[in-house]
Structure formats: C-alpha cells, structure tokens
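Each of the two complexes below includes chain A, the first together with chain B, the second together with chain C.
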Partner chain A sequence: MSETILRADDVVKQFALRGRHRGTIKAVDGVSLEVKAGETLGIVGESGCGKSTFGQCLTRLVDVTSGTIQFEGTDISKLSRRQLRPVRSRLQMVFQDPYSSLNPRMRVGDIVAEPMRIHKTGDRRAIQARVADLLERVGFDASMAGRFPHEFSGGQRQRIGIARALALNPSVLVADEPVSALDVSVQAQVLNLLADLQDEFGLTYVFIAHDLGVVEHVSDRVAVMYLGEIVELADAEELYASPAHHYTAALLSAIPQLDGEAEPERERIVLTGDVPSPANKPSGCPFHPRCPAATEICRTEHPVLHEEGGRAVACHHPLPLRVLSSAERGA
Partner chain B sequence: MVEVTVAIATSERGTPRSRRSAGPWRVAFTQIAHNPVAVGSAIALVIIVAVCLAAPLYAQFIAHTDPFQSNINGTTVIDGHSVAVLQQQTQGLGLGVEPIGPTWNISNYFLGADSQGRDVFARLLYGGRTTLLIGFSSALICCALGALVGIIAGYFGGPVDWVLSRLMDIIWAFPVYLLAISLSVVLLTGGLRLGPIVIGPSNLLLPILIIALIYVPYVARPIRGQVLSLKNREFVKAAIGLGASDWRILRIEILRNVLPTVIVFIPLMMALNMLTESALSFLSIGVQPPNASWGTIINDGLDLLYTRPAVAIAPGIMLVITAVALNLLGDAVRDALDPKAKLRGAA
Partner chain C sequence: MPAAPLLEVDDLRVAFRTRDGVVNAVNGLSFTVGRGEVLGIVGESGSGKSMAMYSMMGLLDNPNATVTGSARFEGTELIGMPLPKLNRLRGSSIAMIFQDPMTALTPVYTVGWQIVEQIRTHEKVSSQAAWKRAIALLDEVGIPDAARRAKSYPHEFSGGMRQRVMIAMSLACHPSLLIADEPTTALDVTTQRQILELIRDLQAKYGSSVIMITHDMGVISEIADRVIVMYAGRAVELGGKSQVVRSPRHPYTWGLLGAIPRPGQRGQRLATIPGLPPGPHDDQIGCPFRSRCRFAMDECSEMPQLRATGEAADHLDACWLSGDARKSLRGEIA
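Right, the complex of A and B next:
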C-alpha cells in the first residue's frame, strides 16, 4: 500500500498516581507503529491494555509523555493546543459512547456544524448546506438538524458523531470502539457506513476495539496490545489464520465459532490469572505469568517486537506460522 | 424570529418544512405551565411583588400617610370619632402607650399603628419592597457568583480549583448566621470602603452583598461537581479534539449544561436569602432605619406582641407565604429542568 500517513515512534503515556498507591502507571509503554494512507489498522486488546489511551495520544486528546507522533510528515506530539488547531481538522476521532459524545443541549445541526464554526470554514449559509450534506451522507434527512440527540437511538447518534468527525474533511479517523456500545444488528449498519465512507473519501482508519470479530471484518492490518505494548502486528488475514503470539492465539480462540463454519476448528485456549496491573508490570515478557509456553528467558528478558516478512511479533517462542493456501488468501 | 428564518432556508432547498423539536427550555416551561402548584405559586408571587411595588401609591393616594414619619401625637377618624393614634394605656400597670389596633379599613390604619404611630400596613408594603429586593438581588448575585466559581474551579482544576475550593471551605466553615452577623456588625458600623467605592452603612447594597457572599458555597459546590463530571463526558473531549478554545468549550459545552442547575437554585436561594435578611433585620443588623423590611417590622412589633400582635404577625405571614411560594415554584422548576434530581431524591 501507499505511504505512511500516521506514524507513532516509541510512544509512552504515563499517569501519575496519587494517594496511597503513589507512583506512575505506564498506560502506553513504547508503542511504535505506522498507519498507511487508505488502510484500516485495527488495534485490539483487553480492557485496560492502553488501546484507548493510545488512540487519544494519536489524536493528541492527551499529552504524550515521550516518543513522537508524525502525522502527514510533521511531529504533532509536542505541539501546543493552538498549534494543533490546523492538525485537528485532518485528524478526527469517533467516540465509544454515543450517549456521552453528543452535547444533550445542542441540536443535531449545531453539533455537526460545530467543527466548521470552530474552524470558520464558511458563512452561515455554506455551513448549513454542508450540515445538510453530511446528515444525508450518514443516512439522515436534512430536516433532522432541528432535533436533539435524545430523540435518536444509539446507532443513529453514532452516525451523528461520524458526521461531525467528517465535517472538516479529515484524512485519518481514529475510531475508539465505535460500535461496542451498540446492538449487534446496529453494529453492522455503522460498520458498513464506515466502510462506504472510506471508499468514498479515501479515509484512513485506526479502529480500536476489544471485539476481534469486528476488527477482522474491517481491518487490513491488526495490532494486538497487551499491558500497553504491541505484542503482535500483522495482516488481518494472516493474523487470524495463524497467530504468532500466544496471547493472540488465546484471544482468537475466544471468538465464538458457529458449527459447520469453513474455518478449521480452533482449540479453546483458556488463560489463567488476571491481567496484571500496569502499575506493577511483570519483569521480562509482560505476558509470561499467563503464557502456556513461558520459559526462564521469558521471566527475565523483555522480548522486542521484531519484524519478519510484514509480520511483527514480540515473543521468545513464537508459534509456527502456517502458510496460507491461495484459497484462504482469496477468502 | 429564528424559527421563521430556518423555515425559509429549508423551503428554499425544497425539503419539507423543518421538523424543529421544541428545545429543552420550552419543554421545561410547558411542564411548569401545566403544574397547578407552580402556576398558583407564581401568581401569588406576582401579586405580592406587584402590591409591594405599589407601596408608594398606596401610602400617597389611599392611606395618605408617611410610613417613615413618627406620628406620636397624631389623631385619626374612626366611626366618625376623632381618636388618638397612640392612646395612654390605662389597664395593667398603666405604663406606656397603646397604638390603635387594626381598623380593617383599607384607607385608614388597616392593620393598626406601631409604637410610633406609623401605619403598619403601609410599612408592611414598603418592608416587602426591601425584603424582596434584597432577597431577589442577592440570590441572583449569589447564583451568578457561585456558578462562576464552580465552573472555573471545576473546569480548570489544579491550583485554581484548590484556591477556590479552600475559599469556599473557609466561608462554609462558619455557621451561616454567625458569619452574617459578624460581617454585618463590622460593615454596618463603618460602611464599606474599597478604594474609590464607598458604600454607606444604610445602603441596601451592604445586606445584599453580605447575604449573597455567605451563600456562594451552597451554589458553587454542586456546580463544581457537575462541571467535573461534564469534563469527562466525550462531547467535551470531542470539542477539544475539534480544536475548540477553552472559552468556547466553557460557553457551549459546559455552561449550557450547567445553566439548568443554576436556574433551579435561583428561587430556592431567593427564599433562603429573604429569610436570612429578615433574621438579620430582626436583630437590627440588616436593613437600617429609615428603611423598613419585614424583619425590622417584626422587631418593631416585639414590644407590642401582647396588645397588638398584628404588627409582628402580619410581616411573619407575608414571609411565610412568599417563602413557601418560592420553594414550591423552585421544586417545580427543578422537576422540569432536572428530572433526574427527583429520582435521586426518591431513591
């Protein structure tokens, strides 16, 4: 695929803990990845693995402790709020909770117009016309602009949030669990809308989710995060067909399968123990206390993410890769 | 006006007439208008305010009296007889004087006279003007100040929040009346001098400011809490992500969501502030002569409580009616603007 549009280098986000448990939490611990123009990069992981925080770092909703984020060639990790303004219009975010992401005291038309008013992109008439366009693009009648968010369902609200994110013609959308708060039937609707918009406007997505099934459906490449680090990054098809990291394998085995599905039956891998607190990370490989293949080296030496043939994995004992048959590749 | 322009704009594009939903303010207003208790309270309040505002007209054209002028040797005509307003007391110990009681004649000492021969009813209306003015304006100042402090503390957090919250704690650390009494005693003896601004001891601004100040934490605290929770809502993050300025976020995302709470506070604070004013005036450290307020009239009536109870009871009844009406109206406003508050109360 084409050139890199968004690139994170060794991004670290620390939170200071106050009170009895004084210290710091590294929610994001040295994440590096590239997002190529026009692709969808999925980021998956359990709750608390830092994927949402990383998404907020990418869009600079939070300050980055260290590391750099290059967006369209410029480092945005240290820009001030004022300097970020022009970047904001090209790099937008879709939020998780549609009930919290729309101001209940604003009409839908004003919510969608807000980005254009902030960036003063045109006069009232032009903005009004653009709002009507955007609402129609996400499947509403333009007359809905006069309504309030509480008059809409969760899926409809999420579409309003998408219209708002699109208002300034961004090149990259970071979607933080955009469908996890929605009913399954509505999820498909929103996912299809996102896919249509990607084709139409050539958008690049960073798609954060904890549901591997959803990510498989939309992503070109998938990054798996565990305790603030990327443990595996690969093409979606390859990752799903043949995970290299034991954590990825365990996650994949947890996807419910239907009887008679064409895929080979997966063995259920049940992880023992809980996710350790990021305030108290295990030494060596962060996954070793729960890993079925852990050995002495895993307890002492931190594995680095190394790339090989387009796949990257951070593991001392990666699972053997299964070569995809051409039939599977085409699927 | 706005509705009209929108309708024209959409019809130009050939879409059907805009289906513009009623805004939350209109919905709340409609709900209040359909609440008989709220409407009754509002009507009672309007009547009380109107009658009190008409006090000078009453004094001049109906009662022909000056409610601020002693009338110790005056006489008045009752049932065709000329009667002294203050009569020498003959019963009991035979000490002191006894003012004439209620005549129930609207143009002539309707509620009788006080110990200085002044028309109690006229003074009641004038006192109402003062009490209502102080109660209402101090409530407005208090709510505005409380909202400002709460929003700034909650939104900016950090050291700003720390300083403002400690200030509120200091005010809150004193019992309300103790603080009010201390401030009043100090300020009413010397007046207030802030550089070029000099407020005399008998200026009504003094009690207004004192009462507004002591209740600021009551408004600021809940507002601060609300802003703290709003700040974590995703629509505020979305506004940050869109590059909105702090000022814009405060104005559009925060203030619009906090305003209903502030408005809910206004009638309740009016009742509270009015009662506080009366209490201070009763203790002679609120409104200063020659001004009258319901509190000072109750104080005037204290000496006459056994012979002429109407002097103290009439302003007391007015206070109760006004405070109850304000509270009922305030409850209705709260139910209309903040439906969750009722659920929280029931839980």
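Right, the complex of A and C next:
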C-alpha cells in the first residue's frame, strides 16, 4: 500500500462570530484522515459543512485551532508563515472561482510565473521557459502568456490557475470545487486534464466538491462531511454502491438521474429540513434531527468514526453493507 | 386532436446593440408549451435560455435590445404588449422564479407581507384574507411553522427556504404557466431534490404548465416531458425527454451527454466538445456548431433547419447529417 503523504489528526477550526449571534462556531470539528501518495481523496458534503475550511487547514492557508497536520512526515500545523514557505511549493491549492482567483491586472505569463519568482526557482530565462512549458501542458499556446485573464473563458482561466499551482512541482494539490463554476463540456476538459497531470507527475489530489457525480468519477476514496465532521469515509466504489451512513444514502438518492439510467436499488430518501447552522449544532449525532433512523441514543450520544475493513462510519445504526460483485468493482 | 397549446413561440429573436457590434442572443427560437406540460430547456451558459424568457416577459429593460418574432400566450401576443398589461399578466397567469430568489424578494419586508402584496395587486381581497392565504401558501411549500415564519425577513431564511418562499409567491395567483430559470442551480442536491418534488407536486395539483430552464440533464430527466437543447441562441434539438436523453440526434447533444460523469465509469476519460461556443458575434451563417463538430461537412456552411430526421415525427434536430448514419456516428464520440 502506498504511504501517507498528508495526515490530519483531530483538526479543529473555530471561528469567532461577531454581532447579533456572538460566540464561536467550529467549522471543522475534529477531523482525522490520511491521504495516500498518488491517490485522489474526494471530500463531499452540503454547503457550509466545512469542506473549504478543512482544505484551507490542510494547506495551512489558515491557522488551525487545535490538532495536527503532517505533510511528508513533518508537522506543519504550527509553522509560521516563513517556515511554511518551503512547504507551500509542494502543497498547493486550486480554487473554485476562475473569475476572482486570478489577478485581472496581471498578464497570464506573470500569474503563472509569480510563485517561481517568489521562491526564486531560477533566473528570468529559466522561469520564462517553464511558464511556456506549463501553459502548453494545460493546453495553451505559449504565446498566450501576454494576454490578460479577462480574455479567457471560465474553463481556460481554471486551467491557468492549475498551471500556476503546478509551477513549483507540488506533490499534493488540494482542489476546492475546481470545476463547479464550469459548464459540463468545459468541466470534462478540466477533469481530463487533472487526470492526465496526475498520471504524468504522480500527483496526489484532495478533491473538494459538492457534485457527487464528479467526485465519484475522480476519487479513489471519498470522505463525507456533515457539520464539520467526517461521517463516512470509504473506497469510492463501495461508498457509492453501498453507503453506510444515512446521510450518505440521502445524498446519493438525491442525485438527479439521467433518464433510463436510474439505479433501481437506490431507494429515494427525501431529507426534510435544512442543514443546521454549526453555531447550534445538535447534540449526540449531528445528523439526528434529519435522520430517518434516529433513536434515543442518537440524540444523546455522539457516534465516533469507527473503522472496519477500510471503511469508516460514524453512526449508531449504520446501514447494512452490500457485498459488491466483482463486476461492480470494475476497474 | 390536442387542444391549442398554452404558449406558442415563433421565430423569437433577441439582439443587443453593443459597442463591438450586434450580439444575437436568441436566433429564431420556435416552440410550444402544452397545457399541463413541463418543457425543459437545457443548454450551456450563454446559449440564450434566460434572454428568450426575459424577452417574452418584458423583462429586458435594455434600450439596446431588439426583440422580434411572436409569443402567443392563450392566443394573446406578448411581444410588443404594453408593459403595464404584461406586468399584470406576469404574476397572475404567468409566474417566474429565478436562480437567485433575492432578485424577487425585497430584503426590507417580511416574506408574508410580500406574498400578501402579490395577492392584493392582482386580486381584490381583504388584507386579512390575503394574510391567511399567504400563510397557507407558505405551509403548502413546506415552510415549517408558517404562521410565525411569515413574519420573518428573507435574510433569516436559508437558500432553499427562500426558493420555497419565491415559489409560494409565484403560486399566489394560480398561474397557468410557471417559468423557472435555474431554480435549483445554487442549491445542494438534497435541497434541489425537495424543490423539484415541490414543483412537480404543485404542477400535478394545479395542472399548470412549467418551463424549466437548467443546464443539468439530470434535472431535465427528472422533471420534463419534452426538452429543447439550445446552442448559440437556437434550438438544435427538440423532442420528448426520453427521446432526447436516450437517443439524442444532434452532435452537440451527443457531446453534452458524453461529458457527464456517469456511475460505474470512474476514472475513464470523459468525452469533450473541442473548442469553445461561438462568440457573441457569431456569423449567423451555417450550422452554429460546425466549428466544433467533428462531423462537419460542406453542407454545414448553410443553416440546417429544425426538422424530423428520424422515425419519430415529434423528435426534431437541426443537423445536416443523414438520419440513418446518426447511430454509428454517435458511437465515434463515446
């Protein structure tokens, strides 16, 4: 089995709330997981469940309140900005919004070159050559370097963001909703590109998205978050074919199916109510107010993430697992 | 014999005069919506879905926009109708809901008050009766504790609940046509599911017709009876939902469906459509898809008309490819 390259232990990220609803919220509430070298770990969950905040903790774009993050064997959770510098080159983040994440006043070539200039990776000529190479790698002509972001479409800008993230030869890319703003045909181009780059450079991805179909497509393993916690983590195939957590099952059953392709055995579960705010997180299991299987213990006792045979679930009454046929295991 | 359609749109065109020339946002769109029917309009960003609807509803208050063609609602022409009359129609017989509910809700009034206003501008009822109805509507769209929540302000609701409020408001006067422009695009799947079920239930209960605009083929599959696939301001394919989703005929629809990640094909390459959609200043000559189409031929430099090319008379597409060759050609894309 490949080794762990990135590892979170009991990571908590707390925010102070100001104004009318004073207090604190835990946007990430005790998350532990391992990312293995070369894999794609998907993270899904509804809006506000803490996916982006966790991604920012992993890449140390924010300080963590407690817990540790180990990257390539070193605890990076308490490093200062300066100490983080060498780490940054190996651990990069790609953002959702291809419109606002690129500086509109900078030329594309400078945008891609900027991290190399900051890290002084080489002289002007070397950097220029590398920019040309990166632009070509993400499907542009090197002559595009002189253009400005507004001259590009959404998908093209997302590719520019990817070229920039690759500039320092990272080993891990944390991609926060990298295709959510794109139309499906453009989304397909970017997903194919990410797959090619992974093959070519042996990259490790943490792929954050709310689109369950996209996450299934790209991920080796998938973590499902709810109110700042991981409620289930499993191999992508197994999780999608046989979810153990009632929340995962509800999410999967809500995916609109293409006509003629509905999976008959997937029972439809319509969740009532909205995700509660992390500011007043329910007692016991955070999912219990919406869970069709909740009992008394769910209201009082917090279920811990329990691992068995590579599958982890935090539920007092997990769904029975279906054993997959070899055909379902597929590739 | 089927009854006359509720809405008949014929050769609808929307053009914007801009500094860099004319932008043709909608290029001769024709379709009908039957009574009680759900018509899905699917297409990628910029394909003209919203502009087609806005132009019919008099919501294009842009002096540089020109709207031509015809849109007859229950036999009455909407294009060119004086705005006050159109405004009366919108909100009573025709209702619209948008992706961002805040475009229709005013932040400074309670949601109950806004629904009451909506009812009272279109009907002569007492304020008390209108309040009662507003609360009943909020209850019907699934707002818990409706009587109390009616006194809340929009910002006190979640995105999904705001969308419910907007649906409640749109239903206030029992519209015969509901136009929903990407009502679930900004929502989580679980909330999207709730809203789709709500629209479907209400549609069944009141027998209203619905135009559902989306870029999600899955959403179309779940809710539409018939589907229009739009590309560059035109309908390139039109047919029954299963016809379009299961046996699409236009190369653009093939690409669109091929690009969707599907269960059980993890890690496989997705089909892509090479290139980009035509810019806003498209030349209006020839098939708008030809620069990206891998099957383009000489004929394609002339505009193909929307017509039946296969066995089903009600499954139309605008492509020059021979009807018989379609199946095997589609195989080349996947």
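The definition used in the following text is that the second predicted complex is superposed on the first by the 323 of 331 C-alpha atoms of A that agree within 3 Å, B and C clash if a C-alpha of one lies under 4 Å from a C-alpha of the other, contacts with A are read in each partner's own complex, and residues count from 1 in each chain.
Here, contacts are C-beta pairs under 8 Å (C-beta built on N, C-alpha and C of every residue); 3 or more make two chains touch, one makes a residue touch a chain.
Keep in mind that what you see is a predicted model, and the values were worked out from it rather than measured.
Applying the stated clash criterion after superposition on chain A shows that chain B and chain C can sit side by side. Look at A:177: by the touch rule set out above, it reaches neither chain B nor chain C. Look at A:29: by the touch rule set out above, it reaches neither chain B nor chain C.
Once chain A of one complex is fitted onto chain A of the other, the partner contacts of A:238 are absent, as it touches neither chain B nor chain C.
Shared-chain residue A:105: touches chain B; no touch with chain C. Using the contact criterion defined above for the overlaid structures, shared-chain residue A:39 touches neither chain B nor chain C, since it reaches no partner.
Using the contact criterion defined above for the overlaid structures, shared-chain residue A:192 touches chain C, although it does not reach chain B.
Within the superposed three-chain model, A:85 lies in touch with chain B and out of touch with chain C [touch as defined at top].
Put simply, the nearest alpha carbons of chain B and chain C end up 13 Å apart when the two models share chain A. Those residues of chain C that touch chain A in the complex are listed here as 44-45, 144, 158-161, 188-194, 196-197, 215-219, 221-222, 241-242, 245-246, 255-273, 276. Of all the residues in chain A, the ones that touch chain B in their complex are 56, 59, 61, 81, 84-85, 88-89, 92-93, 95-97, 100-107, 114-115, 118-119, 125, 128-129, 132, 141-148, 151, 161, 164, 168.
Taken together, the chain B residues at the contact with chain A in this complex read 6, 9-10, 13, 15-21, 23-24, 233-235, 237-244, 248, 252-253, 256-257. Interface residues of chain A, counted against chain C in their complex, comprise 46-47, 153-154, 183-185, 187-189, 191-192, 195, 210, 212-214, 216-219, 236-237, 240, 250-251, 253-261, 263, 270-275, 328, 330-331.
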